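A, B, C and D label the chains in the order they appear, each numbered from 1.
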Amino acid sequence: MQTVDEKTKELIALDPFANILGIEVLELKPGWARSALKLREDDLNFLGMVHGAAIFSLADAAFAAASNSFGTKAVALSISIDFMAAADPGDELFAEVELVSRAGKMGCYNMQVENSNGKLIAQCRGWAYHTDKPFEE
Amino acid sequence: MQTVDEKTKELIALDPFANILGIEVLELKPGWARSALKLREDDLNFLGMVHGAAIFSLADAAFAAASNSFGTKAVALSISIDFMAAADPGDELFAEVELVSRAGKMGCYNMQVENSNGKLIAQCRGWAYHTDKPFEE
Amino acid sequence: MQTVDEKTKELIALDPFANILGIEVLELKPGWARSALKLREDDLNFLGMVHGAAIFSLADAAFAAASNSFGTKAVALSISIDFMAAADPGDELFAEVELVSRAGKMGCYNMQVENSNGKLIAQCRGWAYHTDKPFEE
Amino acid sequence: MQTVDEKTKELIALDPFANILGIEVLELKPGWARSALKLREDDLNFLGMVHGAAIFSLADAAFAAASNSFGTKAVALSISIDFMAAADPGDELFAEVELVSRAGKMGCYNMQVENSNGKLIAQCRGWAYHTDKPFEE
């Protein structure tokens, strides 16, 4: 399977949590996704820095999309995030995720978050459990 | 130091990202905090489940508060989250964090997220870098 | 099931890698284990400190035993280790592991490594995939 | 600094724990290293599989060498390992590590473990704390 059907993309685009944060899934292929977040005032923390949880949410949106792109539902078991550099308030961030390994129902995914200049902001790694349940039901 | 001064608590309560999500820091002691999130429709993902990034954000809010409770600024280096059970939409979640170990500027913190019945929803672990910069400036 | 049968314990005690390092599983209950390592010269690194991989190996031995204690084979998907304090060369270290959560074939385990005074040396967390294959075959 | 001095390489090659396991650091550049392990009977676990802690030890040897390659001592704060595929008993494994990001005293390193055919066996990520103490003393 080389493409993700439009219905799946439409359902993923309705994600309420991503929408409240302004996170958008830009591209989606089986096991691969790219998401974007235009940073707003609301994405700052109490120190005036871009909030780590906003960066995590961006990466997680890509992860959720990619792991649910195979026609069946997947859920996250674990995600780790490592912060490489601070992001600039007002910048736009991009997350890219790829499936690294799939063994049975388990998939391991790597995520990278970069700023608009391609600077590495964070790395993440996550495990998804791929169920047998069809994605669209 | 056994208590956190009111000015620090007030600044932490202004966290824009936590506020947009409705996350509240309920209690704060040096190296320890408890946060809460009443789940809303906006906290769901495209599968209709409570979003992992909402759960992460709740834990991270407690972590950020606790690591910034010593009078100097701290930033997160890394956080891992492991999902133990699905949360119920409409429930209220609580996160508790405690400092496990401090060596020089490095602090390691454990977080637990539970639902309103005390059921374990997620575990997190994070490292903070404690700077010398005063928290209130 | 409240106990682990003797045959399982005997097979686990034959672990070649644990034996070469002198790691012993002291106690084993379903989903729970305790292992020990008397530190030797060979457990040091090139800085003269107790090697992180020796500490990891001790925790992993307990994890492997506990996750294989239910009558079926289990394999590790991921393990993270966080070092809390340096261990003293010549001391004895103990690792304890417990199953925190089991959902289907996935189990999440927490490990703690302490020295002979009960001081926390390291924390670990791991995921095991529990297969259907009988442990003894 | 583009090369690592010979004295540093010699001290790293004396690592007792790596030597007992037969792990060798093949190449070392500042922030980068490659290590190898010819798998032996002793590297198996009680299931007859290559032991996860042997794979971890190989990656950690590269990480320790790379993080101690800058002329000052470094210690590991945390390491996570994710297992991608089983290794074949009798094969040779190789680990490569690179520094991804350095901020002040903190360095984040990525490790990959591959078999002799270049198949990905495990991924690791670790944080090192870079002290000011000279490596050779």
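We take it that a residue touches a chain if its C-beta (ideal position, glycine included) is under 8 Å from a C-beta of that chain, and two chains touch if they have at least 3 such contacts.
On a predicted model such as this, the values are computed, not experimentally measured, just so you know.
Set against the C-alpha centre of subunit D, every other chain centre is closer than that of B.
By number of C-beta pairs in contact, B-C leads over the other of A-C and B-C. Chain centres here are Cα means. That of subunit B falls 29 Å from that of subunit C. Subunit C and subunit D, compared by their mean Cα positions, are separated by 21 Å.
The centroid of the Cα atoms in subunit A and the matching centroid in subunit C are 33 Å apart.
Touching two or more other chains at once are residues 77-78, 80, 82, 108, 127 of subunit B.
Looking at the complex, you find that subunit C touches subunit B at residues 80, 82, 84-85, 100-101, 103, 108, 110, 120, 123, 125, 127.
For subunit A in complex with subunit C, the touching residues are 77-78, 80, 104-106, 108, 127, 129. By the touch rule above, subunit D contacts subunit C in their complex via residues 11-21, 41-47, 49, 51-54, 56-57, 60-61, 64, 68, 73, 75-83, 86.
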